[in-house]
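Labels A, B, C and D are assigned to the chains in the order they are written; within every chain, residues are numbered from 1.
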Amino acid sequence: MKLKNKFYERIMAMLCWSAALSSVLALLFIVGFILVKGLPHIKPSLFSAAYSSDNVSLMPALVSTIIMTFMSILLAVPLGMFAAIYLVEYAGRGTLRANKSVMLIRITAETLSGIPSIVYGLFGLLFFVSFLDWKFSMLAGAFTLAIMILPLIMRSSEEALLAVPDMYREGAFGLGAGKLRTVFRIVLPSAMPGILAGIILATGRIVGETAALVYTAGTVAQIPKNPMQSARTLSVHMYALSGEGLHVNEGYATAVVLLVMVIILNIASAKSAKKLAGGA
Amino acid sequence: MKCFEIEKLNLHYGDFHALKNICMNIEKENITSFIGPSGCGKSSLLKTLNRMNDIAEGCRISGDVKLFGEDVYGDMDVNMLRKRVGMVFQKPNPFPMSVYDNIAFGPRTHGIKSKYELDKIVEKALQDAAIWNELKDRLKKSALGLSGGQQQRLCIARAMAVSPEILLMDEPTSALDPISTGKIEELLLHLKEAYSIIIVTHNMQQAARISDKTAFFLFGQVIEYSETESMFTMPRDKRTEDYITGRFG
Amino acid sequence: MTSIKEKVMSRVFLLSALSTVLALALICLFLFINGIPAMAKIGAFSFMLGKEWSPSDTPPLFGILPMIAGSLYVTAGAIIIGVPIGILTAVFLSKSCPKKLYKFIKPGMDLLAGIPSVVLGFFGMAVIVPVFGESILSASIVLGIMILPTVTGISESAIRAVPQNYYEGAVALGAGHYRAVFKVILPAANSGVLAAVILGVGRAIGETMAVIMIAGNQARMPVSLFKGVRTLTANIALEMGYAAELHREALIATALVLFVFILVINLGFAALKKRIK
Amino acid sequence: MNKTVCLLPVIAALAAVFYGCSSASLASFDRAKDISVVSREDGSGTRIAFIGIFGIEAKSADGGRKDMSTKEAIIKKDTGVLMAAIAGNKYSIGYISLGALNDTIKAVQIEGASASAANIKNGSYPAARPFYIATKADASRLANDFISFILSLDGQAVVAKYYVDVDGSALAYSGGKASGKIVVGGSSSVSPVMEKLKEAYIKINPGATIEIQQSDSSSGLKGTIDGNFDIGMASREFKDSEKEKLIATLIAVDGIAIIVHKDNPVSSLTKEQVNAIYTGRISKWSCIHQ
């Protein structure tokens, strides 16, 4: 019987180590593959200002990605943060009516976060592009993305607000500060790192998004002059290149740039999350 | 007859010297209590006896501990050691499972599979822990629904289900109300014939009431170790006297 | 004076919170308005259970059963590959990983989670497809890798949330490290792990870009593990660009089916979680 | 010690994957293998033209039309992804626009004629299809100006580089400098040449901005009818419903090349064989005796 236990321990140790190892190997394999295929094609021409069918520059896509991210963050962060403030600070903790509304908002947010990006793309096409007649435009893309990342920002802001100890609030109330002043002066500043981590996580999702944008922001490869113009982000650019088939190498180079952006975002998010853990 | 022989035992958590040069022998089939102010190393010594300290980060041990003559830190299988030396913790920690599965977890771990045998073990363990009639009709219910006192007696029953030779108790009643504490003390007195019991406690009346021998710890050292009778009436060391009379905490 | 500002702002906060409800309502509204008429015209049964999808023929046939089956097969494949490895990795990270190793693996998993699906599609097309062909197997492997970080991350935090004294209780009874982890800690964290699996399912069934490149997109019932299949998402993405009138509404109805699918999975899980509590 | 024990199975598995990839391309061409047929999505102009040319559709008495291609065909959404699929699968067969040919894959001869612009002009290569642009009667001045540029000598010179230009009294371009913005959307086969034409036109008329939306023929025509696009691009004949609403202008003729993997010994097929492969009547390479 003692042997059986030792056998069980040995087997489970092997399983856990192998699983972790295969996860790491999968990651190294993918990143290695992208770097091997993409790095040789990172040339200055790739970053020239204008896109043309000969010189498939990704600069317009890079600029559009930054603009698109900025627009969706501008839309989603205030909404998400205010929603989190309502859920944590204002929703009457005891009253039944408030609880029901809190429950409704929570379930809605959870459902929204589960919706596939292709369904968002379709909704964007039906609502923003044709119903509101914005046609294929950055604005339509930004609004669609804003709805997509809203639950993410709401949840991370909520967690950050809940992490703020109650004694801060009591201290402020004790000094006669109103609820609003307490929230904006005391609670938000100390929750900011957590909210920032959430925003960066959301940016990571925007950068990697394609399905939702193809049907809302279109696939035009020039730097848009105004929000109503269609534009492609880096991921959409990579998808379009693979479609045309003439510039697959530039597609891999775009993948390398995408990977670098995701790495930078992850590091920034980890840093700000650490700041939250390191004391308000 | 000795169950544990401890010679020149030193223990470090990182650079904190928790136990300094402990030498003592613990008698079989009686209750030995460890008393002393918090942080004096009594719990650390208890956790050394069944190697629970191995889990603690950065814990280094020197010197030797023998269980019935066998070196605990030698090539003895640690899981078998913990089967023979059961432990009950300060805060009751039943598993988030049914009462039955809690008790049966130990025997199942050590290879007992047949339902018939498990039923017998569970019933005997709960009867030994004097809680059978309270739980016999809710064996399938979750253990987390029980009261603090019931949960602790369940943990004692769970420990006994693997039929250990020795029971280590780390302040078992400090989290319980006086009535449950009384029940557990009565239980320990009853269990004395079957198991050697070592109990760490803050409650000196408890030590005086139920233990045969008592050891007083201070700053990681054994100040005095003798019959409970003489320890509480004629303490040899002044520091023991000060602690017993409550002059310091 | 401030009380007016207070009242106004508390309204603003409430409205922002309700914005999510508005968004969901709009999505449901537009999907139902555009999807339901098609279902009615085609006939809900022949649409959901029809085995033949050929929209450009005259008369067109709109049966999405092959795509529903395709989505289920691929998602099941992804779960079979992604969930066990994910949970085992989560146990490894939370219970038996040396500190210095953890500092590398954890950011690695976050990076794996951040890799865009189009990049994974490229990887799948260039590495997995030459070996296993455009098939359910290839799609399952790539989707398995895609949901791996999600399952690992959430399972790990669920495992870490289990109180340490359960582990000590088990070990004190003479249970080995892994027996204590798998027989006490993991069962205690089951609602967190289940949430991780449900999120994994949601992500796998909702994936489009990677699936289109490697799954073969044959609009017929799945034949074998080594043959390709078309998922609901691929069906939408492949044909949405050019679909007209009824065909376009049929695709929106496909999105509606997918949307209801996800809704059922999430609400079912929420009910299950309430029952466990 | 137990760590190394558990490294072995994982490394062995990965070695197998690597070996799997490399060995697949080294082994010679096994004729007994199934043909893996690759086709484009339903709306693609290339597909509609391909099915028309090779007769892979059945016309029922009451005017109904049924696409007879085999359901086993792997579907690829764009030209590039289809070529990558052919290049990655030794036993595959597919079709693309002649203009997109490159050295990663091999084009086979049809009825004895190799796929080239010359053979299309002299009619020996049977698989050719028109490149149309579509406009509504009320098209903007800039749109008409751009179209007149395309049909002009300079426009057709750009076309001739890749496709078969349309003979005709191609006069030098002498259009006015119209400014403003037009949107050109549609076939992914026509988009590459349209990008070239746009770049050439912008050089002459910098005031104009032309936005190109790549998708496929049917969506291009539909977008033009709906007003989303000023000019639609299609690489197939117009349906009757489209003919009524749109003015079709032929700007080029493009061949459809049947492509196979470079290691595939087959280098010539008859129209009948292509039809048999794509309707699933032939499923193994051995049925094609060279």
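Just so it is clear, a residue touches a chain if its C-beta (ideal position, glycine included) is under 8 Å from a C-beta of that chain, and two chains touch if they have at least 3 such contacts.
The structure displayed is predicted, hence computed values, not measured ones.
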Please name the chain that ends up farthest from chain B once chain centres are defined by their CA atoms averaged.
D
Point out which chain occupies the most central position, where each centre is the mean of Cα atoms.
C
Just list the two chains that share the greatest number of C-beta contact pairs.
A-C
In whole angstrom, what separates the CA-based centres of chain C and chain D?
34
Centroid spacing, where centroids are CA-atom means, of chain A and chain D in whole angstrom:
36
Chain B and chain D: spacing of chain centres that average the CA atoms, whole Å:
80
Interchain centroid distance [CA atoms averaged], chain B/chain C, Å:
49
Multi-chain contacts in chain B, i.e. residues touching at least two other chains, fall at 79-80, 109-110
In chain A, what residues contact two or more other chains?
5, 13, 15, 17-18, 22, 29, 242
Give the residues of chain C touching no fewer than two other chains, as numbers and ranges.
126-127, 176, 179, 213, 237
Overall pattern in which the protein chains touch one another (line/ring/star/complete/other)
other
Dump the list of chain pairs that touch, please.
A-B, A-C, A-D, B-C, C-D
Can you check the complex and tell me which residues of chain C touch chain A?
2-3, 5-6, 9-10, 12-14, 16-21, 23-24, 26-27, 30-31, 34, 84-86, 88-89, 91-93, 96-97, 105, 107-112, 114-123, 126-127, 145, 148, 152, 176-179, 181-182, 199, 202, 205-209, 213, 233, 236-237, 240, 251-252, 255, 258-259, 262-263, 265-267, 270
Of chain A, residues touching chain C in the complex:
5-6, 8-9, 12-13, 15-20, 22-24, 26-27, 29-31, 33-34, 37, 78-83, 85-87, 89-90, 101, 104-105, 107-112, 114-120, 122-123, 125-127, 131, 147, 150-151, 154, 178-181, 204, 207-211, 214-215, 235, 238-239, 242, 251-252, 255, 258-259, 262-263, 265-267, 270
Which positions of chain D touch chain C when the two form their complex?
17, 20-21, 24-25, 36, 41-43, 48, 63-67, 71-77, 81, 84-85, 88-89, 215-219, 222
The chain A residues in contact with chain D across the complex are 10, 13-15, 17-18, 21-22, 25, 29, 52-53, 135-136, 218-220, 222, 229-230, 240-246, 248
Per the touch rule, the chain A residues reaching chain B in their complex are 1-2, 4-5
